[in-house]
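Lettered A, B, C and D in written order, each chain numbered from 1.
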Amino acid sequence: MIQKKNNIRDDFPIFKNHPELVYLDSTATTQKPKAVINAMTAFVSDDYATINRGIYSLSYHATQKCLAARKAVQNFINAKSEKEVVFVKGTTEAINIIANSYLNHVITDSDSILLSDMEHHANIVPWQQIVSPNQIKVCNITNSGELDWDDFKKKCQNNPKLISLTHVSNVLGTINPIKELIAYAREHTDAIIVIDGAQAVGHMAVDVQDLDCDFYCFSAHKLYGPTGIGVLYGKYELLDEMTPYQTGGDMIELVSFEQSTFTKPPAKFEAGTPAIMEIMGLHACINYISTIGFKHIQEIEYSLYEQLINEVQSLKDFTIHGESNHKAAILSFSIKDIHPHDIGTIMDQEHIAIRVGHHCAQPLMKRLAVPATARISIGCYNTSEDISKCVTALKKVVDFFK
Amino acid sequence: MIQKKNNIRDDFPIFKNHPELVYLDSTATTQKPKAVINAMTAFVSDDYATINRGIYSLSYHATQKCLAARKAVQNFINAKSEKEVVFVKGTTEAINIIANSYLNHVITDSDSILLSDMEHHANIVPWQQIVSPNQIKVCNITNSGELDWDDFKKKCQNNPKLISLTHVSNVLGTINPIKELIAYAREHTDAIIVIDGAQAVGHMAVDVQDLDCDFYCFSAHKLYGPTGIGVLYGKYELLDEMTPYQTGGDMIELVSFEQSTFTKPPAKFEAGTPAIMEIMGLHACINYISTIGFKHIQEIEYSLYEQLINEVQSLKDFTIHGESNHKAAILSFSIKDIHPHDIGTIMDQEHIAIRVGHHCAQPLMKRLAVPATARISIGCYNTSEDISKCVTALKKVVDFFK
Amino acid sequence: MSLNKLYEQMILEHNKNPRNFKKVDPCTHSSHGHNPLCGDDYVVSIRVKDGIIDDIGFEGMGCAISKASGSLMTETLIGKPIDFVLDTKDKFINLVTEDDAVNENLGKLVVFEGVKKYPVRVKCAALVWRALEDALINTSSNNNTVTTE
Amino acid sequence: MSLNKLYEQMILEHNKNPRNFKKVDPCTHSSHGHNPLCGDDYVVSIRVKDGIIDDIGFEGMGCAISKASGSLMTETLIGKPIDFVLDTKDKFINLVTEDDAVNENLGKLVVFEGVKKYPVRVKCAALVWRALEDALINTSSNNNTVTTE
C-alpha cells in the first residue's frame, strides 16, 4: 500500500508554512503537531504557575497536570508506577544520570561494561567519564548492520556490570531484538540493563515491563513533542538506591548547612523548577501519538520506506548502510565519489532536508569505513510525494557529479 | 506615583483568561507575555529544525537564531563574548555545573567556601555535595535582613576558595551590594565569585563585567520567559579550564571507544539536543524586557511596593521579614498566631496567589525563627488594584482568625 | 465555596485551644510527623495499656487545620481500643480524600469533611493521623518520623 | 539560486582531478585541517625556500568544495612569496565570507565566490586555507591540527 495522501501532514503547521518542504530528518528531531503547540500555548496562556510548592489553586492545578503527564508517560511505556518516570532534559541527560548516580557508585576497576558498535555518542561518552577505556567492551555488528549475537554472547561471559544498547540505531535503522538480548543477559549476567530508546518511542509501542530493562531513556523532541524534556525510566528500587544527580530546590526534605536530606524518586532527580510547559507538551505528544496509533504510524512509515528502497534501486553506485530485516524507516547511504556534504547541499536546493555527517556515531562511521553518510529518515507526516521528490533529487545529484 | 492602570498587563494572556486573578508570586515564576508565547509558537510552526548539525537551510537558520539569542543574552548581561553564555536548564543546573566542573577540581580539604544565611537551597545543596559541612562558612545577616559586612570581612580572612551569594534574596527581597562585596573579596581573597542572579535579572540591569563576578546564573522562567532554559555566564578562561559536565552529542570533537575529545565553551557544556524552542523564548523575553525598559519596570514595581508597605501598616500583629533599604518588590511576612498555610488558603479563596512556606530557604527560616513565611512578590504586570485587593484579603485573614 | 466549610467553627476553636497538646510520658508509642513543604511538625505520643489508648497527646506546630486535627484526634481516641483507633484512622483518611466517603461513626471528626474540597490542605488534616499510624504500626522503634508532602 | 554558482565547472573539474594531491617530502611546514562535523580531513604540507613556496601539496578527503579548494589553492600558491600567500589567504577568506569583498588579484580563486551564498559550506572552502595559515604561522611545531566547525 502506497500512501497517496497523508492527512496527518495537515496536523503540522510547518508544512502549511513551507509547502515546498520535504522533511526527511525526523531521526534528528521531529516536527510538532498543532495539538502539541496548542497544549503548550494554552497552558502558558491560561494555567501557568509553578508546581509542587504553591498553595493557591493555579499552582495546585498545574501540579495535578504534571502528575497527569507523569501518569500518561507511565502508561505510554507501561511502567509499574508513575514514580518510575523521571522528567529530564532528554536522552543525553538521562544517560548521564545513570552514569553518575548509578554506575559511578557500583563499578570497580575489575568490572567492565558492554556497549555496541552502533551507539550514539550519548550512549558512549557519558560512560567514558566513569570507566577507563579498557573497561568498555563493544559488541560487534554484522555486515548487514545487526548486533552480532555470537559476539554478544561471548562478551556476556565477562559478566559486565552494565549493558547499554540502543533500541533502534539512528544510522542503520536496525531495530535491535532487545527483548531477547535482555532475556539472554538476565540469564547469563548480573548486568544492569540500559536501553537508549531515543529512536524507538516515536515509532513502536514500548513496554518496559515486558522488555524487563532496568532503565529506558528517551527525548520528547523525537516524539513530535517539545525540546527541553525527556524521560528517564528506572525500576523504582534502582532509582531509590541511587544518589541524587543535580541538587537544589524541590528535591530536598530538609536543608541545613550541616546536612541535607533528599526526597524519594522521582523528585530526588528533579532539582529546581521543572520544565513545566514542556511537560504539558510531552503529555500532548503522547496523546497525539496514541490517537493516531502505532499501527497506523507504522503503516505509513513502512510503506514509504518500501517505496524509497524500491526507487533507489535505479541509482548507480548507491550503497545502503544497514540492511537488517528489522528496520525502522531510516536509510543511510553513500554514493560513490560524491561526498555526503555535497549531496546534502544539492538536496537542500530542492527543499529536501536530509542529514549528512557522522550522526553522532563516529565509532560506527569507522566500522562502516566511511567519513560520513547521508541519511533519509521518515516520520508519520511524510508522503509518497516526499519520497518521489527525494529520489528525483538524488538522481540529480548523481547526474550533477557524473 | 501610584500605578492606576498598567498597560503591560494586557500583554499577558493569563490575565485575560483569569480576570479575577491577582498574581503575586512572580518570585516563584513569572507569567509569560504574548510576545514570548508567540515567538515560540512561530518558531515551532514555521522554522523548527535541529541546530548545529544540519546542512539544510531550515537547520542553518535555526542555528543562526540560536546564535542570535546567545548574542542577545551577551548584550543583556554585558558579557565580553557570546562564548561566555552557556545555555542551561535553569539556575539550579548552572550552580550544579560550577560545583561539579569547577569547584570539585580545585578544592582541597583545607579550603573553605563562603555562602550566606539568605541563600536559596539551589545555592547551598550543590556545594554540600562537593565539600564537607565544616568547609562551608556562612555569612550572617543583620536583623534588617542585610548581609553583615563585618562578618563578611571577617570570613574573607579565611581566603575562601569560592564565594557564592545571591544577588537578590527571594525571601527578604534584599538587594545585596554585590559590586562592593565582590570588590572587597577581590582585594582580600583569591576566591572565585559566583552570583545567583535568579531574582535579579528580571528587575534590574546586570552588567557582569562591571560587577566583575566570575559566574552569574539565572533562569528564564523568572524573566517572563519559558521554563526549561537558563543561563550560566562564566568568564571564558574559567569555562575553558573546566571539565565538561554532561557529555554526549554536540559537545565532542572526536569520539572513539578509546578516547573522546571535547569542543570549546559554550558547546562543551551543552551536550545533547538543546532546548531550541526555549532558546527562542529566552531571546523573546529579553527583547520584551528591553522594550519596556528596567526604568519603567522599576517605577511600576517600586510604586506598588510602596503602596503595599503603606497599606499593611494598618494590619495588627503583622511582622515584615527583611527591611533593607535596598529591596526588590518582595514582601515576606508573618501574622501572629496565624499559620502562613492558613493565610495562603484564605487568600486563594479571594483569587490572590501568594506563596507560603519555606521558599526553599530553610536555613533562613531558622535564622528568622519561623517555620515558614507568607510572601507577596510583585511583577511588572501588577496593578494598584492588585495591591488593594491583596491588603483587603489580608484584613479578612486577620478578622477570620480573631 | 465558603471558607466556613473548611474552617468550621469547631476547627477554629480547637486551633485556638488544642486539647491534649502535650507529650505523654511515659509513652509506649510515638512518631514524628513532618510536612517539609509548609513546616507542619508534630510529635504524637501514645500510651497503650491492655489494648486500650490509655493516654495520647500531640505537640509541635503547624496550621489551623493540622492543629485542630491533632486536638480532635486525641480527644476522639483517648480510652478507645486499638481496633477502633485504626478503623477510625482509615475512615478519617477516607473522609478527607474520597468523594463518596461514608462518614458514619466519626463523631465530631466530620467537621473535617470540607477539607476534601481543598486538596492542598488534605495533608494538613492527615498529618497527625499518619504519625499515629506510624507510631502504632512501627511499634518496634520508638522514634519514627513520617513525612507527607 | 542556481547550483552552478556554487559548483562552478572549474570546481567540479578540480574535484575530479585535484592538483598537487600529495605530501610534500621533505617539507618545512605542515598542518592537519579537520572539520569534525562532516569529516573533511586534509594535511597541507609546504616546503618554503628563501621566502618562496617551493612546493605545496594537500592530501586527505572531503567534499567537492574542500577538495577543489585544496587543488586551486596549491596551484595558485606554488612558487609565490610568503607575503603574497598570506595576503591571498586573507583575500580568499574575505571572498567567501564578506558581502562586499573585493576579488581583485584572486585569479581562478574567484570561482569560490558562490560559496558565500551557502554559509554552511564556507568552512569547506576555507578548511585548507586555515590549515595553510596554521602551518605557516605556527612554524615551531611541525604537526599541527586546526579544527573548523
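By our rule, a contact is a pair of C-beta atoms (placed from the backbone, for glycine too) under 8 Å apart; a residue touches a chain by one contact, two chains touch by 3 or more.
Owing to the predicted nature of the structure, the values given are computational and were not obtained by experimental measurement.
Of all chains in the assembly, those touching chain A and also chain B are C, D.
One inter-chain figure worth recording: chain B and chain C are separated by 38 Å, centre to centre, where each centre is the mean of the chain's CA atoms. Computed centre separation for the pair chain C/chain D is 80 angstrom, with centres defined by C-alpha atoms.
Inter-chain centre distance (chain B to chain D, centres taken as mean C-alpha positions): 47 Å. Contact of a single residue of chain D with at least two other chains is seen at positions 36-38, 120. Multi-chain contact residues of chain B, defined as those touching 2 or more other chains: 53, 55, 252, 254, 341, 345, 356-357.
The touch graph of these protein chains has some other shape, matching none of line, ring, star or complete. Pairs of chains meeting the touch criterion are A-B, A-C, A-D, B-C, B-D. Here chain C touches chain A in the complex through residues 36-38, 119-120, 147, 149, going by the rule given at the top.
Touching chain C in their complex are the following residues of chain B: 338-342, 345-346, 349, 356-358, 365, 371-372, 400-401.
Considering their complex, residues 13-14, 17-18, 21, 23, 25, 28-29, 31-32, 37, 40-41, 44-46, 48-50, 53-59, 89-93, 95-96, 115, 120-122, 124-126, 128-129, 133, 136, 138, 219, 221, 226-229, 244, 246-250, 252, 254-260, 271-278, 341, 344-345, 347-348, 352-357, 360, 362-363, 366 of chain A touch chain B. Residues of chain C touching chain B in their complex: 1, 3, 6-7, 12, 15, 36-41, 61-65, 118, 120-121, 124. The touching residues of chain A, counted against chain C in their complex, run 52-53, 55, 60, 64, 252-254, 263.
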